[in-house]
Structures are given as C-alpha cells and as structure tokens.
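Look for chain A in each of the two complexes below; its partner is chain B in the first and chain C in the second.
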Partner chain A sequence: MAATAVKVIQKDALPSWVATLMTEAVVIGPRRGPYQDAQLAPVTSAQQVDLDYTHDLLPPTRYLLPPSEVLFRFQFQNGDGPTLTPEYDERRRIFFGVRSCDVKALRYQERFFQRDFPDIYVGTRVRNAAVISLACTAPPLPTCFCACCDGGPLLRPGEGCDIQLIPLEGRYLVEVDSEAGERLVAGSPELFREATGADLSKRDVAFAGMDQRFSTSAYLARGIAKVTNDAVPAALWEELAEGCIGCGGCSYLCPLCTCFTVVDRTRNGKTGERIRRWDHCLLAGFTREASGHNPRAERGVQFKRRFFHKLSYPYMQREGRPGCVGCGRCLTACMMGVDMAAVLLRFRELSRKPKWGPPWAAKPKTSP
Partner chain B sequence: MENVYLPHLTRIAEVRRETVDTLTYLLRFADPGVARSFTFKPGQFVEVSVFGVGEAPIGFASGPSNGDGFEITVRAMGSVTRALQRFQPGGWVGIRGPYGNSFPLEETRGLDVLIVGGGIGLPPLRSLIEAILHEREAFGAISILYGARTPQDRVYKGELERWKNRGDLLLLETVDVGDESWTGSVGVVTTLFARMSMDPSKTVAFTCGPPIMIKFVIQDLLKLGFPEDRIVSTLERTMKCGVGKCGHCAIGSKYVCVDGPVFTYKQLKDLPEPP
Partner chain C sequence: MQRVLTVCPYCSCGCGLYLLVDGGDVIGVMPSAGHPVSRGSLCMKGWTSFQHLRHSERLDSPWIRRNGTRTRVPWEQAIAHTVEGLESVRLRHGGGAVGFWSSARATNEEFSLLQQIAWEGFESTAVRFDPVIHTLDHVPASLLEGPRAARLDDVQGADLLVVFGQGFLDHHPQVASRILKARGQGARVVVISPYRDALAERATLHIQVPVSDDVPSAFTNGGDWLSERLRTWWGEAARPVVVYPLKSLPLQRETALLGAFESLMGESGAKVLLLFPCANSRGALHRRAGMTGPGDRALRALVVVEENPAAWDARFRDLARDLDLLVVLDLFLTETAELAHLVLPSAGFAEKGGTFTNTEGLLQALQPAVSPPGEARPAGAILAELAGRLGVRQVDSTSKPSPPPIPVAAVEGATATAELALASRAADDPPQFRHIPDRLRHMWLKDTLLRHTDDWQREHQDRWVEVHPEDANVLGLRPGWMVRIAGDGTEFQAVVRISERVGRGILVTPYDLFEGLVQVERSA
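And now, the complex of A and B:
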C-alpha cells in the first residue's frame, strides 16, 4: 500500500498525540532508563517519550516473542485427565518511534511465525500491534549498517509500518502507510496539518548523502555468496569461533533470532506450566540429543551454523530477506569481536587474498 | 486460530514390554472427535507430552489403518522417555501432531521393498511394514532385515515370528553379540545382504537405526547398485516444537521436523552439514 497521506506534526505536539494513543493501547516507546539509556518500553506518561534516542540495545521483537512465556498451564484433578489452559497476550500495543531496522525485524518475525504452522501466541500479539516507525536521517550509532542489509534507514511504502515519522527541523513528517495508521492520526486531527511542498523538499534534503554517513560497512552480498557456496574454509570458521565464548549476547540481542526451547515446570506433578524460553545455536547443548550425542558439538560448526542461517541464499528464499537488518546490536554485544560486521570483513579479506602469488601478496589487508 | 503447541489428551490403553528399557504403548484420544479426525502416515511422528516433564518426538510404530488409536515404542533415554516408563494403562499422555513428511509409499507401489532396521529403529519401519502388508498385493517382493545388539534387545519378538511365518515376505535377523539361546546369525545387519537376492533396479530400500548402522547400510546399498533416490532413511535431531519454529532440528535450511524426518540418500547427500 502506498503512503496514503503525508502530514506534519510539530515536535512539541508529540506528547499530546502519545497521550491519545495511550488511551487505546499500551504504547511501547523510547524512554530513558535509570542510566539515561533509551529503552523501548511501555510508556506510563506521554512526556517520557524521547524520539532523540539512538537505539535500544534490546530489540522490540521481544514484545512479539518474549524471553520467557507460559504456553499453557496444566492441572490434574481427581484422576481425570489434565485441564490445559493456554494464555494469550491480547493487549493492544502501539510501537512508537521504532527504528526502520527494527520494523523490518518485527515483520520478519511476523512472517516467520505466521507461515506454515501459524504460532497463535506471536500471531495474537501481531494482530493487536500497530507500528509507528522513526526514520533515521543520520546513523544513530557508529555500529549501524542497515544500508548494507535492506534494513533502513528509511522505510518505503508497504515495508511494514503503519506510520513513518521523518524528523525535520522542529517537526516530523508523518507518512501514513495503512488504514490502521489512518485511524491513529484521525484520533487527534488537531495535531496534524497536511505536508506542503516545502516540507517534502526538506525530506529529500534530509536523506541526501545518507549512505556516506555510515561508519560501519558490512559486505553482505559477499557474505551471502561465500556462505551459500560453502566457500569459507573450515579453518577460518574455527579461527573465528575460537573467539566466540558462547555467551549468546549476539543472539539474545538479534532482532531476527527466533529460536526457543520449551520446558515444563511443576512443583507436585499435579499443576504446572509449559514455558518457552529464548534459546540459541551457540549454546553448547542446542543440538545435544537425549542419548548425549551432539551432531554439532564443535564451536566451529556451531558458529558456521549461525552465519548460514543469517546469510545463506536458501534461508533468504525461505524468509524472504537476508537474516540481518544491520541494527548493529551484535557489534555492541560481542566482547570478542566476532560479530556480523567483523565476520563479513574477514570474508571480504578472504576474497581479496590471491590464491597464487608471492607470500607478501597473501597478507590480508586490515581495513576494507 | 489453532494452537499448534496445545497437545490433545490421550489415554494409555495398553503397555507392552519389548526389552529391559523399551515399552510399546497403545494410545487412544480422549476426545472422540479428535480420534475420528486423526490420521497419519508411516514415517511421521508425534510430540509426546508427559505433563510436568516435557515433550519428546516419537515416530508412529503402528500402521495407519488400524483405526483404534496408534502405537509408539519408546526406549528410556532422556527425561521424558524415562518418565514414560512408569506409566500404566489409564495414564494420561499429551499428543501433538502428526508431524513431518512420510515414507514414499505411493512411489513404491509395484516395486520390491527392502527394509533394513537396527535396534530401536524398527518401530517406524513397523508402521511402514503394516501399511505395506495392509495392501500386500500392491507391492513386489518384500524383504525385512533386522539387526539388534543382543537377542534381548530385539523389539516386537512376537511380530517378528509372525512375519517370518507369513510366507509372503523374507525376514532375516542377526544380532551383534549372541548368547546360548540364540541360534540365528551373528554379525552386523549388512552381513545379511549376502544371504538374499534382490534387483536394485526395481527395489526401494528403507533403513532406520543408529546413525553408524545407517551409514554402512547406505554404503552397501550404493555398492549393490541402488539409485540414490531409492535409498530412503530417516534423521533424528533434538526438537522442541515439531513445526519448524524452535530451530533445534535445522540442518542447513532443512528442518528435520517439517522437511523430514524421511529423506532419500540423494537429499541427505546434498545437505550442507553432515547428517
């Protein structure tokens, strides 16, 4: 659906709009945490919303697939079969001021969980969610590389938000991209005016030269080719994986990671609950079987697995896009420097290394 | 929207001991509506719930046309399968499924069938055998080769006897290590190939068992001249959801729970990781 309307809201009118939105839904917006870091969290007062934030370290996809959730409770009563009671989260949510990369991630998760065997837990949350995104006119952080990954910095019509906000001086351009978006604007007509030609030309100025402002480059296409063709030597996987301590920071912060485990909890066997929790492929026991056999026991193949999922062409076909939106969270999380951008850089060096020639020619360059 | 994570309740109707650590359970759905609409194919599996302990993926062990519930054969291995050992008739078990693809039964019609099972790998093949025997005339010659570690590790002892005496199929058995009561063959299951004749150009081979056995069976079948897409096997992986979401059973971009568990050797060969 093409943007149906472009409006303008003054910056100082945002709290009034947020206040209206709060009357109909839980607003998940950027607000300052105790250490002044911005977190996308439920807003309790409209004044808390601060769109001058950089990036939330925790991805908003955690509101679709929470770190831990009860799938159902079971209860045995006097010899009968157990009663199973599922729990669905039907709260209406409006994601407010979510970055473009995170909108792509929300839609990735929606698609992943809704296809083939639809997941009712995620599906219920998706059905009750609206997304108001915030375009980036400058990379919010030096770790950002969305431009390499079809993650941002700007969403085009139909790319997954209901409304896109574009920051201009003292005001925001409001691109309405769905009927749900229209309703969210229609609730506060006095706060919006139609965009003028001057506003729209400011929009173009804001994004001019945007691609040059990124300080991190990720050579995604080369990574996709290398991983798809299995052209990364096992020795390089092992070397990269040696740096990985298996903490899971990259996966827990990755807005496209969807893996989970399921556990039962009970005190007496009579009542209890089945819970699903985030899990990830770099944990040692991810593929360990009941017999103790582990088909992917070595760190090198675990590491390769993670990047195959993110970058291989078969997965692009399956999920409709590469498995990275360039949000840069794994660059922040990885204390060992084997994050997505670093690994892709090594693949790039690999491509440049001549196969034949004098030894000095084989020395990898340290910068792109 | 249906909740794919919510099990249907079944009640254990019968428990039969197969070996010291392996039991066969006949399960019947508590809800007659579910019982009527539940259908499956050999090679598919269910997620079995022991409430309070968890879930485990288990293949169907009975033929799809029995109608009156279905059987699973379970060896005590992990927390769920150990907990199942204590269950008696009347016990409540949760079932999700059926999941996964199935053995290519249609494509096998009119051809000879070779079935090679090892140890606890026989149960899913038994589902296939029952389906084939249900319409025996649709298939050519049937050979079943079964190997177990010791005579005590053989499952379906009564059934093996019945198959042996049917007269319309060949059953050969072997054990890795015999004992004083064992008068049959001793040796790995692949040694049985020398004791039978087959025409690889019109036979489909199905094999299920421990990974190391499958590896050697496939090697020998290739040597005998079986085409890669007529060697059918199954893969096992730890899995949580059974519906392609949890990520545990992924091999390359294939999910054992959705794209498998049945694969031809041609497919196995092309997986980007060793299965």
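And now, the complex of A and C:
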C-alpha cells in the first residue's frame, strides 16, 4: 500500500503550517529546553518548533498514559455510597515531528489499551490525537538501535502515522497516510506542492545503507530466541539484576511499557480522587499479594520477567511486535548500564563459540 | 504537560530534573538528559520525588495547640502569635534563648533569612542547619575547593578510586554509577568499609575494616600489606580519586583521615570528593553560624524549619516539652510538629524557588512549578514575613556582619558513635552495637520520602537487621527471628538476617530505622 499522496513542503514554510495546525489543536512539537534537552511539548509559538532535534527522553506515549492522572473524583454524602465523577482528557492534540520508533510505540499502546478491556482514558486521548511523524535520515543519537527492532527509521505506509515527514535538503517530503492526514494538509494548500520523481529518488538515496549508520547494535532476534526458549541461565539473570538499583527509569521512559498502579487521595475521608500512576516491574511491591506472598520478590526474577515480557514470542504474538522499538531511552536512563542493548549483548555472548578449542572456552569473557 | 527544570531534593548530587506539570499539578518527573549530574538518569528517590506533594496528609493551614488540642488559625493570627511568643522570650530570657533549626532541604536563601532573623532580631547564635553538618569545622577548605577537590565527573575519569563507606548505590547512586563506569573502563577500585555491599562486591579490592578499628590506619599505615598494595597502586595511578562521605566516622577519626588525605594529596596530586549527605548540606556548611546542642536548657523558644529531631532524639523531645514556644514549619504533622505550639504549613521543593549547593559546590536554582496546597507557603516567605514583623533589616547576606564564631561543642547528638565490645556484656546487660544504616542518615527524608511517598513505602516494608554470624551466635539469634532493637530514644522490631557481609559488632538496617547506639535482644 502506497501513501495516498506525496507532497513537498519547504523548510521555511513549516512555521506557517504549524501556525495553522495550532488553530485546530494543541500541537505537541519538538522544542529545545534547558541544557539543550529536546522536548516534545505543547507549542505556544510556531517558531519554537525545531525539527533538527535529536530525541525527547520522555516518550510521547506519556501523553496517552501520563505519569499520573485523575481517573475520577469521589464524594461521600450523608452515609450514601460515593458519587463518582470521571475525568476524561478530551484535549485535541497533534503530535508534530514524532520519531518513527515513537509512532510504532503509540500504536502499540493503542492496541494494548483497546484489546481486552478498552480503556476509556487512553482511548479518548487516542481518538483526539493526530500524528505527524519525522523519519530519521541518520540515527539522531548514538544510543538509537531501531533498525534492529523494526522500530524505524522510516515508516512504511499503514504503520501508524497520519503524515510522515522525510527531511531532504531544505525541504521535507510529506507522505500523507490517512484521511486525517489529508485534512491537516488541506488546511494550508498553498504551502505544499506535489512531489516529483527527483524528490522520491532523493528519498531513496537518503535511506540507502541506513542500517550501517547505527553505532549501537542490539541483536534483538537472538535475544528473542534465547528468552523464548528460556536459554538464559538463571545465574546470568541474577548477575544482570545485581547491577539494577530498581530506579524504574527504563520502564517509566520506555515507550512500550504500560504498567500503572492506582492510589486514592482523600481529604477528610469524604472527598477524594482516584489516581492512576506509572509503576514498574522491578519493584518487589509491584507483585506483592495481599497475603504478603510475593511470586517475584527477588530482583533477578523481576529482571527476567521484564525481559520476558519484552522479548518472548508469546508476548510478541499477543502484542503484534517485540516489546522494544530501539529508541535507546533505557540506555540513557539506566545509570547502572543494564539496559536493553547491554542485556541483549550478553545474550549474544552466550551462544558465541570459538572457531576451535574446547567447549569451555566458549564461556563469556569476564571483565578483568 | 509542561516541564519545569528544578533540582532533586534528596541527596547532595543534585540531579537536574523536570517537573511534569499538567492542570496545576505535578504529575511526574523526569531527568534532564543534558544536565551534568543527572545525564538522563535518576534513582528511585528522584523518580518518586513528586509523590509527596499532593499527599492527603499535607498540612494546608496553620495550627495552634492550646491546652492539648490543636485548632486551625488564620495566618495573620499564627504569625502574630509567633512574633509575640518570640518577643516575650527575648524580654524574659534574652535573645540567646531563641533558637532556630533548619534541615538541609531548606534553600540557601532560607538559611540566610534564618541567620538574619536570629542574629539581627535576637543576637542569637543558636542557629543550626542540618543535624549532620553542624560539626564540620574540621574539614580542610582545600578538600572542598581548588584543584584537589574532585568533581563528580573526575570519579568516572579516575584510574584508581579509593572509596570509603558503604551504601553508595542507595544514598548517592550517581556517584556509585560513576565508580562502576570507571571500573568498567579498567580503573582499580578499592572500597574500605565495614559492610560488604554491592559496590564492594564489584570492587577490585574490598578492605573490610571493623568499625571500631582506626580506618585511617588501613589507609596510611606502612606496615599493613593492604596499604602496601594500595601504596603500589597509588604510585602507578595517573588520576587517583578518593571518595569519602562526610560524617561516616566519629569526629576525631574523621579529622585524622581528612588530614591524611591532605598530606597524600599534596604528594600525589590526587583529588578528593567529599560527599555531603543532603541536597543542600553544602549550602548549610557555608551559611551556618553556630549551633546550640540539643540538650541546651538555656533555650526557651525554638523555630524549626522542616526538620524532625523529635523522631530520633529523646533529648530533643524533653527539650521541646520544656520550651515556652516551639514553632515548626513543615509539610506534614511530624513528631516535632506534634510537640509544637504553632505549626506553619510550608511548601515542598516543587512549590518554591531558591538555590541548592550540591556536593561539588554547584549552585543550582529551584523553580516553583505549582502552588502549595491550601494556605501553605514556602518557608522563605514565612520567614520573610516573620523578619518583617520582628523589624529585621533584610540585607544582602554578603554585606552582613558575621556573627561571632561559636566553638563547636563536642555534641554529636543522636549521631553518637560509641562502640562497645561484645565481650563486656553482663548477663542482664544486652550487648551494644554500632549501627550502620544501609543508606546514609537522611533523617529529614523520613517525612517526605519514607512516610509520604507511596511507592517508597510499598517497596521498603521489610524491617530487617543484618548481623555477623559470630555475633548472632553470641546473641543466640537465628535467621528470620524477630528482634527488638532499642537505641537512644527509640526502638523497633526487625527480622534477623545473618551474613558475613557485616563486620563484627555492627548491625546494618535499612534506611528508615534508628541509627546510633543500639541494643539487641530477642522479642518475647
């Protein structure tokens, strides 16, 4: 399936387009923050949008499942049962310049939260969101490894964006991939022209040999085989987990992580609100049962569980893809260096055999 | 979702974090990727730092205690009562009877205000910032500033690291991370500590010292084979760095150790990273004026800013009950606030401006992202109002005449560190131990982190105590048994773990349990 239309917009015309989009919805676009941090945040002036950004450490999926949100407010009156007032976030949003890996993640979240028990909160946000993605013609950061994970760098038609922008010299190729996308372009027809054959061949040149430009390799397929077949020795899980301090950064910032916990905040025991807040599986309290029994009390087992969810085939089947898009955020967030790429590298070492020599020589090298 | 850059309020590393703000509420936090300390990562303290801000138990209006009952009062009345109370103590007992204590989660600006109120309003030097930092006159300035003072990033670039103490993975994870990264790049890491924790496990060499032993001797004594090896390594190292968390040792031995650092540094050009405990401990060090010991009966009135000494200090509780006026500024109704005549609700770190000084001396700005709940106000605003009512000139802190230096008395308060040998115990006299909390003594964390952060409470439910097998044998303890641990003014029960990771004569407990001199006996 080809994109419905391919157009071109000049780089200097982008602010005008963004200004038009801002009249329709809140535009969540890349801006530059303190310490040169890239942030996908609500744009207040079209000039703020900076498509030469690298990568936002906070994935845009956190707009669908925020770090914490009020699900409903409750009130007890005169001994009656509580009155519940749900709160839905119906703000219209246009995600502008989202990286390909994050688009895949947005669709993963959408699928996850609509599959068995449709989640009204996430569903409402998905329904009110349009996605204009930005393909990567070079890995934005050295930690990127999407090419290993079917996460990018270029989206094929039907992979989840409404419009895909592809940077070429001084201009962007605009691949319109949905009706919503057509409307977003139709709002400012004077800014776009039809793409020519020359534009399209430029695109092909830009992505040729892309796979070779990544400095991080993750060997995802090998990891999937190892984890699915339970071929990772318990000792290795424990060794890896010993490095983990349970901060949760990898999960909070993972665009595919969906876990949350629910807490109530009350005032005087009469009114209050139920909050849904991000949570993660590397905490003992995450799985502790009411009886006090904990099926996953030790870090090693928690660690294994996390990677099992991300990499094992049964989960892939259920979620429609592996649990990693190669965005590389956990490589930044993990101060102890037990991130996805590092773990997959260790799995790869497991099966590396020397070309000759006795079998025990195949043991992974230990650091001096 | 807007992002407001501020500073993590917990350890002294000072990670740059963004408050994620939506609808007037801090809904989460995230690290700054470009910030030189956080570099895109936070520890669990940082990641959960927003959870206490909208806790149900946040104080949202001033309270007054009369005849044993607490009632809400308007701000106007609370301030008037405070001013009257302080003035009346001054008239009857003199300004020196008015004391001010603050925790190291106060900003530099709040410290300065407190100092000005104390000095200009009362000519009182009974000012105390941070229970840990008030006895740091022995720290040589050359180890804090100048070419020998290491920055956090020097740790990662080192080729030999000599690390004192345990628990870095918990109390200063950004330092532990840099130590392990250096190790990964081939640096030699020597850990000198009584407790073999996860970092010591991964060190090139762990020198397990008995806590009662003279730690400096392991470092400087020529005869010891370990220090011989250390000396050789030291000679081979091009970029050696020493990491030492301040207040890990009793005053005298710490002074000796820091002296040893100084002479070593002079010879080899090595660098030293002195770690302060709390977010603004270093700021407190620069701004403290003097202090009055907790048992000082000369005090008749006390203003406590976001500190909770009543939780761990029995002597403080006695002092507090005896005061004519105790005013407590805090976010929660702490043990100290329970004893107060007046409780003034103050703002959390995300609700106020100001600056923190991190352990390297980096001055960083806090930014208010949301308003405090109800009528709560930033401590700085409350103090400024008090200063105004008391007629204190608010002058630039740099141009202010310094108060006379007060000799630091040998009061180490609740952080007393006596060691007693097991052998000396009589049958009816339970053995006493030196206690090492698994993480540093961030007493002031208790209220925000340990009691009002859901995820932290959920995660740290287990109360355990780790004992050396021989000590367990002497005490007749078995793993999994419940013991009662009694100390200076507090006691608790914990499950016994037996492990050789602990040296003899030491008990290791998690974070939130009492520290100091403890006695152990089996629960009935």
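By definition in this document, the second predicted complex is superposed on the first by the 353 of 368 C-alpha atoms of A that agree within 3 Å, B and C clash if a C-alpha of one lies under 4 Å from a C-alpha of the other, contacts with A are read in each partner's own complex, and residues count from 1 in each chain.
Please note the rule applied: a contact is a pair of C-beta atoms (placed from the backbone, for glycine too) under 8 Å apart; a residue touches a chain by one contact, two chains touch by 3 or more.
All of these numbers come straight from a predicted model, not from anything done at the bench.
Student: Once chain A from each complex is brought into register, does chain C clash with chain B or fit beside it?
Tutor: Here chain B and chain C can both sit on chain A without a clash.
Student: According to the stated criteria, A:P157 is in contact with first (chain B), second (chain C), both, or neither; which is it?
Tutor: neither
Student: According to the stated criteria, A:G272 is in contact with first (chain B), second (chain C), both, or neither; which is it?
Tutor: In the superposed model, A:G272 contacts both chain B and chain C.
Student: So, does A:R296 touch the first partner chain B, the second partner chain C, both, or neither?
Tutor: first
Student: Have a look at where A:P66 lands relative to chain B and chain C in the superposition and call it first, second, both or neither.
Tutor: The second partner, chain C, only.
Student: Tell me the contact category for A:P15 with respect to chain B and chain C: first, second, both or neither.
Tutor: The answer is neither, since A:P15 touches no partner chain.
Student: In the overlay, answer first, second, both or neither for which of chain B and chain C A:F260 touches.
Tutor: Only chain B; A:F260 stays clear of chain C.
Student: Applying the document's definition of touch, where does A:G337 land relative to chain B and chain C: first, second, both, or neither?
Tutor: So A:G337 only meets chain C here.
Student: A:A284 contacts which: chain B (first), chain C (second), both, neither?
Tutor: second
Student: In degrees, to the nearest 10, note the angle that opens at the C-alpha centre of chain A toward the centres of chain B and chain C.
Tutor: 80
Student: Upon superposition of the two complexes, what minimum C-alpha distance (Å) separates chain B from chain C?
Tutor: Minimum C-alpha separation, chain B to chain C: 10 Å.
Student: Counting contacts the way the document defines them, which residues of chain A are shared by the two interfaces, the one with chain B and the one with chain C?
Tutor: In the superposed arrangement, which is not itself an observed complex, chain A uses residues 261, 263, 265-266, 272, 279, 288 for both chain B and chain C.
Student: What residues on chain B touch chain A, complex-wise?
Tutor: For chain B paired with chain A, touching residues are 1-7, 9, 11, 30, 51-56, 77-79, 81, 92, 94, 211, 236-238, 240-241, 243-248, 250, 252-253, 258, 272-275.
Student: Hey, which residues of chain A end up touching chain B in the complex?
Tutor: Those residues of chain A that touch chain B are 71-72, 74, 76, 81-82, 84, 86, 112-113, 116-121, 123-124, 230, 258-266, 269, 272, 274, 276, 279, 281, 286-291, 293, 295-296, 301, 305, 308-309, 312, 314-315, 317-318.
Student: Can you check the complex and tell me which residues of chain A touch chain C?
Tutor: On the chain A side, the touching residues are 33-39, 41-42, 57-58, 62-63, 66-69, 242-243, 245-249, 252-253, 261, 263, 265-267, 272, 277-279, 283-285, 288, 332-337, 367-368.
Student: Can you tell me which positions in chain C touch chain A when the two form their complex?
Tutor: 1-3, 5, 16, 18, 20, 22, 27-35, 39-44, 46-47, 51, 54-56, 169-170, 173-174, 176-177, 180-181, 183-184, 186, 198, 201, 454-455, 458-459, 461
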